[in-house]
Amino acid sequence: MSLPIIAEGVGVLFANPDPDLARAFSRTKNRGQRNKVMSLKQASAEFVHDGDYLATGGFGSNRTPLAACHEIVRQKKKNMAFAGHTTTHDFQVLCAGKTFNRVDCAYIVGLEARGLSPNARRYMESGAVEVTEWTNYALAARLKAGAMGVSFVPVRSMMGTDTFKYSAARLIECPFTGKKVVLLPALYPDVCVIHVHEADMYGNCRFKGISVADIELAGASKRVIITCERLIANEEIRHDPSATQIPFYLVDAVCEVPFGGYPGNMPYEYFSDEEHLKEWITVEKDPALFTAFLEKNIYSCEDHFQYIEKNGGLHKLQALRAKEFLLKTGA
Amino acid sequence: MAATYQDYNEMEMMITAAARELEDNTIVGVGTGAPCAAAMLAQKTSAPNLVIMFEAGGIDPILPEMPITVGDSRTYFRATKAGSMADIMEAGARGMIDYTFLGGAQIDMYGNLNSTMVGSDHQHPKVRFPGSGGANDFASFCWRMMVITPQDKRRFVEKLDFLTTPGWLKGGDSREKSGLAPGAGPYRIITNMALMDFEPQSKRMRVISVNPGYTFRDVQDNCGFELLKAAEIRETKAPSELELKVLREEVDPYGFIIGR
Amino acid sequence: MSLPIIAEGVGVLFANPDPDLARAFSRTKNRGQRNKVMSLKQASAEFVHDGDYLATGGFGSNRTPLAACHEIVRQKKKNMAFAGHTTTHDFQVLCAGKTFNRVDCAYIVGLEARGLSPNARRYMESGAVEVTEWTNYALAARLKAGAMGVSFVPVRSMMGTDTFKYSAARLIECPFTGKKVVLLPALYPDVCVIHVHEADMYGNCRFKGISVADIELAGASKRVIITCERLIANEEIRHDPSATQIPFYLVDAVCEVPFGGYPGNMPYEYFSDEEHLKEWITVEKDPALFTAFLEKNIYSCEDHFQYIEKNGGLHKLQALRAKEFLLKTGA
Amino acid sequence: MAATYQDYNEMEMMITAAARELEDNTIVGVGTGAPCAAAMLAQKTSAPNLVIMFEAGGIDPILPEMPITVGDSRTYFRATKAGSMADIMEAGARGMIDYTFLGGAQIDMYGNLNSTMVGSDHQHPKVRFPGSGGANDFASFCWRMMVITPQDKRRFVEKLDFLTTPGWLKGGDSREKSGLAPGAGPYRIITNMALMDFEPQSKRMRVISVNPGYTFRDVQDNCGFELLKAAEIRETKAPSELELKVLREEVDPYGFIIGR
């Protein structure tokens, strides 16, 4: 008795779905409670390599590690593969740096209600980037398979569409029901960056609001960089173990980057800077203007604080906090 | 501002028509914009126990204002749960989500959608759009998929450049044969000119009512494929005074979507 | 190209893994925010049927719906199938009522460090119960497949063992890696009972401590009965949406049953009543004694409070609270 | 109470021998009883950064006392995370768990375990035991599986009545060929008489050291199959004064496991 493979997508797999490779990598990791606190500059230099498969946490412009995206662009990482899973402003920033040449696409170049990124479209229409198609849930499910330590996971979407045709999924018949089901290959990113509210020095993390696919992402990735709004004491973590979402043994680096989600929305902290996000879209229309904009906002900045200071600094942050909490402040 | 409630624009007509399709005590998966406004309007009029979900994880918020993205903090403001994308999509896969609203650059006569690209070579698109996002998943899982879209020939096409999101696929029983869950599929297409469903056997798009001021002819003239006609084509009921009042004063007071 | 099925377990499947049946059931449910508060007696009568596939939350004697197990026995439910997933005292109670005749076994008859249940062993050795073998993770993974709305999930355990042979799993070759992988059929229980700390009237739930497989169980089950230590206001749930673990739309009944996990351990509330649990084991050795014990502790009780009152009442509960918090109280 | 630290019992010997196998900066998945005591002893002596996990979801607790079950509230007392069974087992599947301790009613020469039943008819067992629990999973996933068990012929058998949990299966490369992850498997068997590993080619059980007071002959006489002998069989180092002090005063002050 055998399970026929009914159809196969023609897309390229940018990461090996074999859990034994991920296991072999895990085995080499020191699992002790070590101090993993370092600068984002150091973490990016040490754990993000040219050619790596990269994924970012959050949801495009919401609890997204945007400081890390800037740093990766600043360090001129190249030839990466990228998980375009619910990506919006993060994709836009990485496109600005021409960081990747392979993308697993679920949602790219778009900025939701804000429109489309002119530069990301140019880059994606240039032919410089190899694309395999998926859906948002498919990429979340591929990460779930990775976090489970298996090589695939079944889903019941994508059938009958070009999204399937240009994916690297397989359509089989379920051996239990005889019905058709799509198998998605596991995704084990080489490195991911996740932005959270709080982390301790060992990498125990907690965040508030939606988790999107970050729990799965942390479990699937070979190396995990955490940026956090605030470092907290390990005692605080141990005071409420039910609240820990990402455990230390998955984490390689902990970087305290307050406002690391700016100009996006960090729930219960600050709302997105819509004015500045609109500026991104506007300047992208003119490549010369955009080059100057990137020089000002990324390449010439020492760190994320400089970027924020150039765009309104503490006054801006205070206003964004008021906006997050729906507060009507004077003027 | 001083307009009487009898005046309404086409976006208001579409949002109102969409809201009326949402039964009470059901769940709807929405995005930003018109779908979100439609769900909010339904909650404040005919479907007070309608539950809103956002694909990024927001479940049952009390929306303080229109969200900018389906993952921003408004999408779980005073929600019953701030979950994960898997929570939402797997609730859908389990048959828990009744409705979803989707959109796209192109739609065909079976309600299939293209939100991926224009052109004929996937690796060299003439125009690159975002891709599926969660649309393919929502369309696969939710019982009734709806589309709110302007009626025009560039959008309603004979053949999609790319089939991103499944409607009834090739019509007939092709959707169920593809392996997608039976019983789910496109339900209503809501445009500025008309309301459409799908003829039960062929699964082809069919006009069931035309909006005030439009005829079937207008709809067909702005559609790139042949539309079926219901046995009786009604006139869509114009938005009521109450619907307009709620929409303008409570749902979208700044006119982000209805443009007032 | 095809995927060979290399081996199949000989065990019987006690629940249909077809997600379309579960979807059809879901479609009939009213998803509004309705008041679902009712007595445990009423919930058991309405949602637990003879012949159903039943599963219990928690971990055997930890945050386990033991009041509900008593009520199910008291209502003399019969011919059920049961998920013997990390079950200990719950299994013991349901065996006392001869409630089920089919068991998916991962961990049964045992009581961990407390020993084995003599009566559960007699019942399981009597031939009255059909058994299919699994592992604890396999049953958790089968529930995960159910919660995902698919018909199976892959795992990399059980290979090469009699546990596999007497399961209803299949061994296939992964179409992506060519390596062997076990496929587990999804488990969609007809009904489950989960004990939590807090729930609102609509069924939004939160609990503290380990979740074991309860999130998956709630997502997979067709009907969900919640017993809670405390009802709380919906406003309280909405105040912290990140804390909600089980959302209302999965839930059919909410029963406020303070101490509903007694004589087990309810984390941050009360420790297990080791003295009384020992009595269970002791009296089980003598069938006549055990009959009288059950009459006293289950059949003649109006509800769980009567059971607790017969075994130490409020003084016992106070002592168990002190034990949970490691407090040294006088005497 | 008044015993000198030079006196020790066999349970103390086994726990001490087990503790010494646990390297620092690793993760061990344990159950209740002797394995938990061994992990606690290691933390307090040679492996201060050893991380303990319990299959029900407890991660890295500061154990205030011996847990009664692997899911009670002690297993996540001041833990870094109170997670789920999937969190633990999937950490194992991802290669994150270095060690686990298991047990059973029967063990064979390849380290396979039976914790399911005695008898020959699965539907009519002579004696029914609990089954796998999480043992089969831990043994499949964790890099190094160990067993702490009394040495006797009823337990160390030629053929298991039921193979619940995989050791090296039929020896040689049979485990890897079965589809189980390569590189993982039985590592040490710790009894009251000896310490055993597995000969690398045949994967058969091999005595590497005998505990003070026992000879290889004693071990073989209390084993239902032929044991291999290491090139040099050492004598297991008796528990040190420090090990005994920590074990008796800090790990198991009430003697639940060491029986004092």
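In order of appearance the chains are A, B, C and D, and numbering begins at 1 in each one.
Throughout what follows, a contact is a pair of C-beta atoms (placed from the backbone, for glycine too) under 8 Å apart; a residue touches a chain by one contact, two chains touch by 3 or more.
Bear in mind the structure is a predicted one, so any value in this text is a computation, not a measurement.
Any chain touching chain A that also touches chain D appears here: C. Among the other chains, B has the CA centre that is most remote from the centre of chain D. Set side by side, C-D and B-C show the greater C-beta contact count at C-D. One inter-chain figure worth recording: chain C and chain D are separated by 28 Å, centre to centre, where each centre is the mean of the chain's CA atoms. Per-chain Cα centroids separate chain A from chain C by 37 Å.
Rounded to a whole number, the gap between the C-alpha centres of chain B and chain D is 58 angstrom. Remark: chain B and chain C have CA centroids separated by 40 Å (rounded to whole angstrom). The multi-chain contact residues of chain D, meaning those touching 2 or more other chains, are 76, 82-83, 86, 93, 141, 181. Within chain C, the positions touching two or more other chains are listed as 19-20, 141, 148-150, 155-156, 179, 181, 208-209, 241-242.
With chains as nodes and touching pairs as edges, the resulting graph is of another kind, matching none of line, ring, star or complete. Inter-chain contacts, as defined above, occur between A-B, A-C, A-D, B-C, C-D. Residues 58-62, 84, 86, 88, 105-110, 112-114, 116, 121, 124-125, 127, 130-131, 133-138, 140-141, 144, 155-163, 166, 171, 179-182, 208-213, 215-216, 265, 267-268, 271-272, 274, 324, 326 of chain C touch chain D in their complex. Note for the complex: chain D touches chain C at residues 31-33, 55-58, 64-65, 67-73, 75-76, 82-86, 89, 93, 112, 116, 122-137, 139-141, 160, 162-166, 169, 174-175, 178-181. Of all residues in chain C, those touching chain B in their complex are 19-20, 22-27, 29-34, 147-150, 202, 204, 219, 234, 237-239, 241-242, 244, 247-250.
Every residue of chain A that touches chain C in the complex is listed here, in rising order: 1-5, 13, 17-20, 145, 148-156, 170, 172, 174-177, 179, 181, 183, 185-186, 208-209, 241-242. Listing the residues of chain D that touch chain A in their complex gives 24-27, 49, 51, 59-62, 76, 78-83, 86-87, 90-96, 98, 141, 143, 181-183.
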